[in-house]
Amino acid sequence: MSSIMISRIRQKQISQMIASGKRLDGRGLTDYRPIKIETGIIEKAEGSARVLMGRTEVVVGVKVELGEPFPDRPNEGVLTVNSEFVPLASPEFEAGPPSEESIELARVIDRGIRESQAIELEKLCLIPGKKVYVIFIDIYVLNHDGNLIDASALASLAALINTKIPVYVVENGEIKKTSEYMPLPMRNYPIAITFANISDKLVIDPWLEEEEIMNARLTITFDKDGRICAIQKGGQGALTPQQIIEAAYIAREKAEELRMLVVKN
Amino acid sequence: MFFFENRQIVTPGDLLAEGDYIAGNNTYKDGFRIYASRLGLVEYEGRTVQVVALNTVYIPSPGDQVIGKIEDLNVNGWVVDINSPYKAILRASDALNKPFRQQKDDLTSFLDIGDLILAKVLAFDRTIDPILTIKEPGLGKITQGQIVRVSPAKIPRIIGRKASMINMLKRETECKITIGQNGIILISGPSPEHERLAILAIEKIAQEAHTSGLTDRIAEMIRKEKSARL
Amino acid sequence: MSGKIRLIDENGLRVDGRKPNELRPIKMEVGILSNADGSAYIEQGKSKILAAVYGPREVHPRHLALPDRALLRCRYHMAPFSVEERKSPAPSRREIELSKVIKEALEPAVFLEKFPRTSIDIFIEVLQADGGTRCAGTTVAALALADAGIPMRDLVVACAAGKVDGVLVLDLNDLEDKEGEADLPVAYMPNLGLVSLLQMDGLLTIEEFKQALNLAIEGCKQIYKLQKEALKAKYIAIKEEVETCLQS
């Protein structure tokens, strides 16, 4: 969105740099900002992670409860993704009902995890049709300096890998909690890669100022086998089909790189 | 190079011309290409390419005569609905012939909420709301007649080339017809029947604005209806 | 995803008898709601959707007004009776997301800068849903915008492609969307050659994605022809009527 917050001269500097193949913060067009990942930062949560992507900071907590399955999926656990843009993260964020941006963010992350079948939900059923594990992923944006999608996707994946779920036993239709924990069963590791279209060039991992002058945003999420599992175009502009295809090839490579940061061995 | 026949219907995004042409109304230029930006009839006239839109929004322009409705009052004037995205302001000083005394004068005794006025646009740009005046002969509160609303896009057709259509309408219907550029038309005639006839004719013009031979057809219709009704 | 239901039969036809690259029957009509500044209706298969445009008009609440352009707002909403099981009329998270992506699909086509400090409001009501409603909703909203006389760079037309039973198909219906392997909704501005809505769920390789994107764009181009016809139809009908009157 073209913003009046950022001065015209700054807009011009950023877009001229990009037109010449460089970026104002010194990065190349397809470079990420420095990424730092920590896991297990919230002891009360079954899984958690903090991701710093430049100055963007996101914390994800995974909570696990027991609940009812969806009627059309009686043998599967339930996945819920939610995101909060808490007011401390940006002067633009306000308290109150979730904004359309925060709903979109949660749904894009949800799609990546769900469509790649990252969590083995069928292993999370205790009594078919009655009791299953419910996995809550809560995305908490703590500092917004752009590209919330990639940071949140990475933090969600790191938190899921970090998650230990309590082991239950079913005896005579009764569910009993044991003292044991097991890792959340996972089979796939989706990674979201986001581009901003500025000066008709696609740049990876836009920071906030770049987001404010971009005309369109494109997120492509790849699974561990290099298949696309989610796409989301955002922003008020449009892209050529060629740009989109080109982005897909770049994103597939980048996704490999980013995945190495969270998935060991 | 032109890509359509003159007066063919075009839709937004249609490539109208390529080459050294001037982009007229309801078109836009990208390099040497001119595209339509509204649904309408394309017109190639000399080097100008334009689209006569079938529907538009009224955007005020200084000098326009408009018909509006008083919607609200503020400390020194009125707020007027002129069938535009922008509410117009009529300041007391552009309405009264004497100095306005805020403490003593009751604005509603001049113009009250719901009153219709015939006014002229004094000023308007992208940053300020349109400002009206009624301090010219013929302008002011409307006290009689009936109102017809049409798309502002149809107004040029209702006036016609060199006012041929409007003059014919006035002559044949014996009504006084006052046109607001904002798509609101005031009709006042010797009887409600005369007025109804004029309304019928105007609605038909609006409906068939994009067809040719319209003035003759409308004249004929009025004569027929007149002999049947009056 | 389990593929319990066969979506492609032994003759290579789909559940509703279509060929993989075939659209559902489409019907469009423009200017059907007298209160709105612009309106349109679409039927695409069993999906039935209405769109209305109000504006440019004064922005309410006022503090949302933008100094340099119009505020474009869009509400995609499903009627409670539009689906098998009654849907709560309160906007769901899905509807809020779709409202956003549809708005962003239409935004690049509209000359918003011509109407600073105003709003243009688009209301999309899904009366019956049978898959592809975000796409049909985008197509019909673009018609309503053009009908309202709002200046546009291009029309916007949308269509999904996807993968069912391993086959790439065009314009998925609800069953294909739910049971298939991937769904790729695309909005396209045909004269500008630009994609303004792009989402995907499911799994596709890059090769499949390329083909599906092309398939969806081809579908958009077909719908675009119908969209233009619908826009002109109302005026052509009057013109023809007048001409036949003159001849007789």
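Chains here go by letter, A, B and C, matching the order in which they are written, and residues are numbered from 1 within each.
We take it that contacts are C-beta pairs under 8 Å (C-beta built on N, C-alpha and C of every residue); 3 or more make two chains touch, one makes a residue touch a chain.
Bear in mind that the values here come from a model prediction, so they are computed numbers and not experimental data.
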Item to check | If a chain touches chain A and chain C alike, it appears here | outcome: none
Item to check | Identity of the chain that, by mean CA position, is farthest from chain A | outcome: B
Next on the checklist: Report the inter-centroid distance (CA atoms only) between chain A and chain C in whole Å.
Outcome noted: 28
Item to check | Centre distance in Å when chain B and chain C are each reduced to the mean of their C-alpha atoms | outcome: 33
Checklist outcome for this item: Whole-angstrom distance, CA centroid of chain A to CA centroid of chain B, is 53
Checklist outcome for this item: By the touch definition above, chain C meets two or more other chains at residues 67, 189, 192
Next on the checklist: Applying the document's contact rule, which stretches of chain C touch chain A when the two form their complex?
Outcome noted: 1, 67-68, 93-94, 96-97, 99-101, 104, 107-108, 184, 189, 192-206, 209-210, 213-214, 217
Next on the checklist: If we count contacts the way the header does, which residues on chain A are in touch with chain C in the complex?
Outcome noted: 4, 100-101, 103-104, 106-107, 111, 114-117, 215-216, 218, 223, 226-241, 244-245, 248-249, 252
Next on the checklist: Quick check: in the complex, which residue numbers of chain B touch chain C?
Outcome noted: 9, 11-15, 26, 28, 35, 37-39, 53-57, 59, 85-87, 126-127, 151, 153, 207-208, 210-211, 213, 217
Checklist entry - Considering the complex alone, what residue numbers of chain C touch chain B? => result 37-38, 55-58, 67, 109, 111, 114-118, 146-155, 189-192, 228, 231-232, 235-236, 238-239, 242-243, 246
